[in-house]
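If you scroll down you'll find the structure; I have some questions about it.
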Amino acid sequence: MKEDVRHLTNKLLTDGTQEDLTVLKQILTGLNDKINKKHTSFTSALLNMERNVEEKSCSIKMPVSSTLHNSLGIVHGGMSATLIDTAMGALANQLAPEGMGAVTSQLNVHFVQPISGEEMTATASILHQGRKTMVLEASIMNPDGKIAAHGTGSFYLIEMK
Amino acid sequence: MKEDVRHLTNKLLTDGTQEDLTVLKQILTGLNDKINKKHTSFTSALLNMERNVEEKSCSIKMPVSSTLHNSLGIVHGGMSATLIDTAMGALANQLAPEGMGAVTSQLNVHFVQPISGEEMTATASILHQGRKTMVLEASIMNPDGKIAAHGTGSFYLIEMK
Amino acid sequence: MKEDVRHLTNKLLTDGTQEDLTVLKQILTGLNDKINKKHTSFTSALLNMERNVEEKSCSIKMPVSSTLHNSLGIVHGGMSATLIDTAMGALANQLAPEGMGAVTSQLNVHFVQPISGEEMTATASILHQGRKTMVLEASIMNPDGKIAAHGTGSFYLIEMK
Amino acid sequence: MKEDVRHLTNKLLTDGTQEDLTVLKQILTGLNDKINKKHTSFTSALLNMERNVEEKSCSIKMPVSSTLHNSLGIVHGGMSATLIDTAMGALANQLAPEGMGAVTSQLNVHFVQPISGEEMTATASILHQGRKTMVLEASIMNPDGKIAAHGTGSFYLIEMK
């Protein structure tokens, strides 16, 4: 395995563009941060997420880079959806009763403007907190203060082992 | 940049777990495949997507691994949403008139079962093809033949430069 | 009460247009049909719904008339959403275990073409049947065989008293 | 036609329950109000909607009665969806440029609590105002100040004849 990793890295260092290496460096930074307990999942590590959970809201920030692009060269809707889902999920899990976790059962996202700026932040708040389900909303704002994407999600509470 | 990449790779080779190295190897493979034109975006490269576009449908397959996990250790809803959005988007772009591209304006996903199996495939089909908008649906099936996630999306047609 | 009803009916008969009387006649027919047990709810009676539940699908049909129009003179999106929700809900309740009922927890509808024709029918099918939740989809087709509206819904199973 | 209306009304006055007559009286009141220009559509008349459009928000109120019930005896999700869609649509039309109208292209609603109280009000606000599309949100609050239903909608701008 280690030999494979060294070999593939060397190929990239030889054949990759500057953009390829920037993406790789960002990912390697995230993976090292995960070893240092800065991330609790690979998704968070690969996207370099930083979370800020407060009592009634949660924000997750990540850098905007080629890593997130679709083949049109703009941020992939799935990446915005992932950020929105993560912000809502982090708040839902924080609000869940002791011993319970929250999993997304349904997600709706409106993509209304291309993402601009060097980083993107989704901020989540709660719409409904029930005994078995929660509904949250989250927005990603562009630097001009206008909404770039807005989502709502249904979460289901499950017992954690 | 190259020095940074070498340094960060070495730290991971020293401190990383087997799981960390497996994730890294998968990503390096994707980035090398992108250099060889197998992927048209970093999102596709990092998730090792394989696409199969036919006349009226489109399937995108990707391996299920720790890379996709959220902090509960199951496939992150955002990753399933990304796969569904990519399958619908690929079909929408294939169906778009010459010189036009399709961008997601809205996405709704139902997550109904945890993803199981070693790879996951989203298959998209068209519900409505208008002059300015399209609506598509896509499902991810588990190996037992049951739906794991189902999504619908609204796409907006734009002129490509 | 009866005096009020008589008085208001007479005012309508005097001042109403032909369109007003057509709408009223349709509603009175529905209310009389409800007395004859043809409908189990006022919503169904007022919209003159006819349901056809089979083992794995459910269709609900209703006449298209001015009753359903919004102020632009086309079928109100809420009326299409109601028909779609009713078709999915009827099938969900039919599939629910003995002693359980299904209530909509979330509904997503795409309105892709104006409704045309003299009646509209929503046909529902099941995407996921769990122990506590179900997800269904339903479409309204225009006479030309193309989709006019497509919806998906999440249903929650509750114990019936 | 007039003879039919008289005949059907008389049958209801003879055979209908108190609840049937209450529903009929409410509908007759709405239809008469429409003649007096209080409503611009039959949907609004039949549901006795009252609208209050301000510069940046719009509220629509309607009485809660048996008229709105599904066969479980609670407010039909389609009726809540209709109220939410109407509030968003009224605001979208108010915000649309001169000569343009707004039609719903997609609607997502979360139903989180049964509707309680004697009337229900949806209040809409704008999330995104583009040149060709708008995205709005609206909530129905219960008398206890908690959300009963929350929706978002995509609107498409069309030229009015």
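Residue numbering begins at 1 within each chain, and the chains themselves are lettered A, B, C and D in the order written.
Heads up, the rule we're going with is that contacts are C-beta pairs under 8 Å (C-beta built on N, C-alpha and C of every residue); 3 or more make two chains touch, one makes a residue touch a chain.
All values reported here derive from a predicted model rather than from experimental measurement.
In this entry, chain A maps onto chain B through a rotation of 180 degrees when their C-alpha atoms are superposed, rounded to the nearest 5.
By number of C-beta pairs in contact, A-D leads when A-C and A-D are compared. For the pair chain A and chain B, the distance between mean C-alpha positions equals 15 Å.
Look at where the CA atoms of chain A average out and do the same for chain D: the two points lie 37 Å apart. Separating the CA-averaged centres of chain A and chain C is a span of 39 Å.
Among the residues of chain C, those touching two or more other chains are numbered 105-106, 108, 110, 112, 133, 154.
For chain C in complex with chain A, the touching residues are 105-106, 108, 133, 154, 156. Those residues of chain B that touch chain A in the complex are listed here as 1-2, 4-6, 8-9, 11-13, 15-16, 18, 20-25, 27-29, 31-32, 34-35, 40-44, 46, 66-72, 74, 76-79, 81-86, 89, 101, 103-112. Of all residues in chain D, those touching chain A in their complex are 108, 110, 112-113, 127-128, 130, 133, 135, 137, 139, 146-147, 150, 152, 154.
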